[in-house]
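Have a look at this one before I ask anything.
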Amino acid sequence: MTEQDGAGFAWPAGCRAASAFTFDVDAESCVLVNDPAAVDRMSLMGHQSYGPRVGVPRLLRMLERQEVRATFFVPGFTADCYPDVVKSIVDHGHEIAHHGYLHEPMRGISAEDEAEFLDRGLEALDRAAGVRPVGYRAPWWETNWHTPRLLAERGFAYDSSLLDDDVPYRIETSAPGTPSLIEIPVDWALDDWEQYAFYPGWTGSGVIESPLKVLEMWWLEARARHAEGGCFVLTNHPFLSGRPAKTHALEELVERVKGLDGMWVTTLQEIAAHAEEVCGPGRVHQRPEVRPA
Amino acid sequence: MTEQDGAGFAWPAGCRAASAFTFDVDAESCVLVNDPAAVDRMSLMGHQSYGPRVGVPRLLRMLERQEVRATFFVPGFTADCYPDVVKSIVDHGHEIAHHGYLHEPMRGISAEDEAEFLDRGLEALDRAAGVRPVGYRAPWWETNWHTPRLLAERGFAYDSSLLDDDVPYRIETSAPGTPSLIEIPVDWALDDWEQYAFYPGWTGSGVIESPLKVLEMWWLEARARHAEGGCFVLTNHPFLSGRPAKTHALEELVERVKGLDGMWVTTLQEIAAHAEEVCGPGRVHQRPEVRPA
Amino acid sequence: MTEQDGAGFAWPAGCRAASAFTFDVDAESCVLVNDPAAVDRMSLMGHQSYGPRVGVPRLLRMLERQEVRATFFVPGFTADCYPDVVKSIVDHGHEIAHHGYLHEPMRGISAEDEAEFLDRGLEALDRAAGVRPVGYRAPWWETNWHTPRLLAERGFAYDSSLLDDDVPYRIETSAPGTPSLIEIPVDWALDDWEQYAFYPGWTGSGVIESPLKVLEMWWLEARARHAEGGCFVLTNHPFLSGRPAKTHALEELVERVKGLDGMWVTTLQEIAAHAEEVCGPGRVHQRPEVRPA
Amino acid sequence: MTEQDGAGFAWPAGCRAASAFTFDVDAESCVLVNDPAAVDRMSLMGHQSYGPRVGVPRLLRMLERQEVRATFFVPGFTADCYPDVVKSIVDHGHEIAHHGYLHEPMRGISAEDEAEFLDRGLEALDRAAGVRPVGYRAPWWETNWHTPRLLAERGFAYDSSLLDDDVPYRIETSAPGTPSLIEIPVDWALDDWEQYAFYPGWTGSGVIESPLKVLEMWWLEARARHAEGGCFVLTNHPFLSGRPAKTHALEELVERVKGLDGMWVTTLQEIAAHAEEVCGPGRVHQRPEVRPA
């Protein structure tokens, strides 16, 4: 279990692997975008508002205790509804990044529509806290083949939505003049959604896992990526992992990850800035084609 | 794991946190309201009647052994069908609270319809055991924005259906003359439904969890809320957690929670009465609004 | 965890609780009855035939090693297709009981249709192995209010399909002249289906549990029922629990249950015969009625 | 747990049981065949391409460290898109076998259509790496009653898609002149799909299990089959089990299985060649028939 798998990524001097704790502050957006009538469900709206109102402050206290800086992906709608929460995240020294306006479903949409969602999200983050983000994460991690170009055109430094690698890499975006974008990949096994989410008439498989199971699974993954020289990117939602026992388990994980020898614990922005320096030519992604029979 | 997260709620002298064990005695109601034809399913009806007939007596014996008083949310239909069970709960010194008449789906209904369900439930509890409850829990924890006002108008002291905080708080209800209602929030991770419920042609994800897993998860949450000075509200259904091994695991949890230093173990009614004294001005809940594009 | 919950059932002298290991030998029936076209799915048919062809022999060897007699519920279709398997079960000294003809869905059907399924099942068990069963278990444990009468009219001594108690009891069947039937209740938490079943395009939640989790959960339940003087009835399907590691875990459970002080390990037939002697007047089951608003 | 269950299969001298680690390199095929529009989902396509691009190299390094030869089932589409990956698998000394062209759904299709998929797959493996496979595994393990004959006609030595036994056996295929085919059965409990697969809008129950749970479950099964003299065939998908912590857990399993006394760890091709020598007459599979009422 202590292999050197030779991912061979050149981390900064003294570091053998990297990790980032990220939070998607979806609040009500991810419910409302699919079901506008859910605005009448007072309990569900409260369940979602728990994220910015209660979960984020608890997570900020935890991160402060642990002296860790994190990345918060904030949909524009969250920024419009909870500007003080966004400012508080900034004031604690964390990174704010882009996560759509209303957590829009990006599947199959045109570049024009996607551009509009991107621009609305940028405007809202600026309006709420004067933030211009350098990072983007697609709602539901759903990207289109035109997404990297749209991001490069808007000056984003990195995306964190693809599930196709274990270390950051450069994407060839085909955007004229600004061809480069860093990708910092994610993994559904490193997301709290399918472990904890359950709400009748909205989402969930009906199973809510124990934070101890989740801690065990994520710790296995952190150790494996540390051993290989990889990149451990964890995604949590404050309305889920901001609840008491889940934050406690997450704090235990943060402590353990910090204790790994040579593990760089930082924001995605810093990982992207480092990757920008060391990554070679951009990878060209190709849409698969099925050979006719 | 022993942080002081500073929820800062003022518990009674000598107490640093609070907990309540609550039971929703749904019996057949939660099945019949969605599928009246299920009345012909003899096995399913028996599965549900197990709650009041077998589960409640076992749970009452357990609570007696543990010297704990609990809160039982009883739909009017259960009270009409099993009045002796309701009386027995009262005779054991526990609190009876309101849980709809037939566990009605409250989603999207008018204030008039909801008022009728509330009144029918009140009449049934009165008819069965002369009880006038001070607490309410919405079926499926589903509330509407008008729900708090309806409760205040009927003299309820508290609601326990929202999922938006970790400690009790006052709700501004906008009811003329009786503006105040205490909310004691709940959490899907502290409910036995999605851990244990499974019945073909009715409900369940197909996974029934081990009581040891559930005990572990709830104990984590109890310890986390104790450490933070929060409020641990557990919801069980007698047709599920009233079965032998599940009651045994629950008894183990009750023992552990009682053993936490400064943990107040009581009914929701007593927690609400205390909150009524110490909570500041009511929180105004606002229906979210999505900014036009 | 060592309470005496006073279920107060009078077990035979020297026994404080009872247990029965039961097996539903559904084979292809439970698939074909819902989807006749599945007969063309060679892999699925083989997956089901594994039950009688491979699972039952392995389970018979295990039961022989453990010197335990069990109850096998055999649909008529299984008896018609695998008569030698039925004979082998009989030759090993186990009980054969009734489980429908083709594992028919009993929900909402008329007494006439249900009677026909009962009679077809009886004919098949007689044809295959000259067996006249005294016990019945409804497919999917789905009974109708007329089911007890139909069973009593055919001379069945017991049913094992209801989920409304922890110990056997007498049912008032309203059948003229033969009013009595013993019920030996079951529990979805004591069934291997929702722990292990998964087959794309047929059934399953997508999660297959570890036999260690299942062993733990069932052992908790066995101990709880032993402590209370109850009845532990476990239901397994040979196409699931007849596979190697699952049978090993089951054997471990059988050994532990046998080791419980005063635990009577026997067939449902023997439990029913004992209950027939000690149970008081029959319980009258009543179809719930919802009070008009 | 150390029974000799007398499966009685004659393994090579010195061996008491056999095991094979197999990998289905589905890549994008299993998504695209059901939903051609998914080709526009950049993130999902990347999630699938992770298998050949990142998962396979990691697994090859792991197998090399463990000095184990494995069997890789490669759909023709994967071979067409990633020929270098196929060559690399061959160069590492592993077996390449057939897994359809585009992971076609075989349920209910004609022999003519199935033959065409088989031939397209053969052509692609030849085109990519000059490979002529001797083994076949049906996509989704879904076979038709004509499948064995089609395989025998094309000179396949074995199939590994049925779930009806624990040891290899000979199938009577009814193909004129080439009647024999070895079957090496599989088991859904020995597949990583329902343990790990989750992708919104594509697949999964919402639960992703911990690699520790999966390791425990598979190790139980390996020990049980070793104790009985059976055959342990494990199926993994590189886009799932090729991720860091999952490969680590798998490596731990490989080490343990290698350490079992007398356990033959090899490819399916070698198991089939041995079975060809020792298996008796072919088993005739019969399509079930339901007796008219």
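Letters A, B, C and D mark the chains in the order given here, with residues in each chain numbered from 1 onward.
Note that contacts are C-beta pairs under 8 Å (C-beta built on N, C-alpha and C of every residue); 3 or more make two chains touch, one makes a residue touch a chain.
Bear in mind the structure is a predicted one, so any value in this text is a computation, not a measurement.
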* **Copies subunit A and subunit D touch via same or different residues, half shared test** => different
* Asked: So which chain is farthest from subunit B, going by the mean of the CA atoms in each chain?
  -> D
* For subunit A paired with subunit B, centre-to-centre distance based on mean C-alpha positions, whole Å -> 35
* Gap in Å, rounded to a whole number, between the CA centres of subunit D and subunit B -> 49
* Asked: Listing for subunit D: what residues touch at least two other chains?
  -> 204-205, 207, 209, 213
* **Footprint of subunit B on subunit A - complex, ascending** => 28, 32, 36-37, 39-47, 49-50, 53-54, 58, 61-62, 65, 77, 80-81, 102, 116, 120, 196, 198-201, 204-213, 243-249, 251-252
* Residues of subunit D that touch subunit C when the two form their complex -> 1, 3, 5-6, 107-108, 138, 140-145, 147, 161-166, 187-189, 194-195, 197, 204-205, 207, 209, 213, 216-217, 220-221, 223-225, 227-228, 230, 285, 287-291, 293
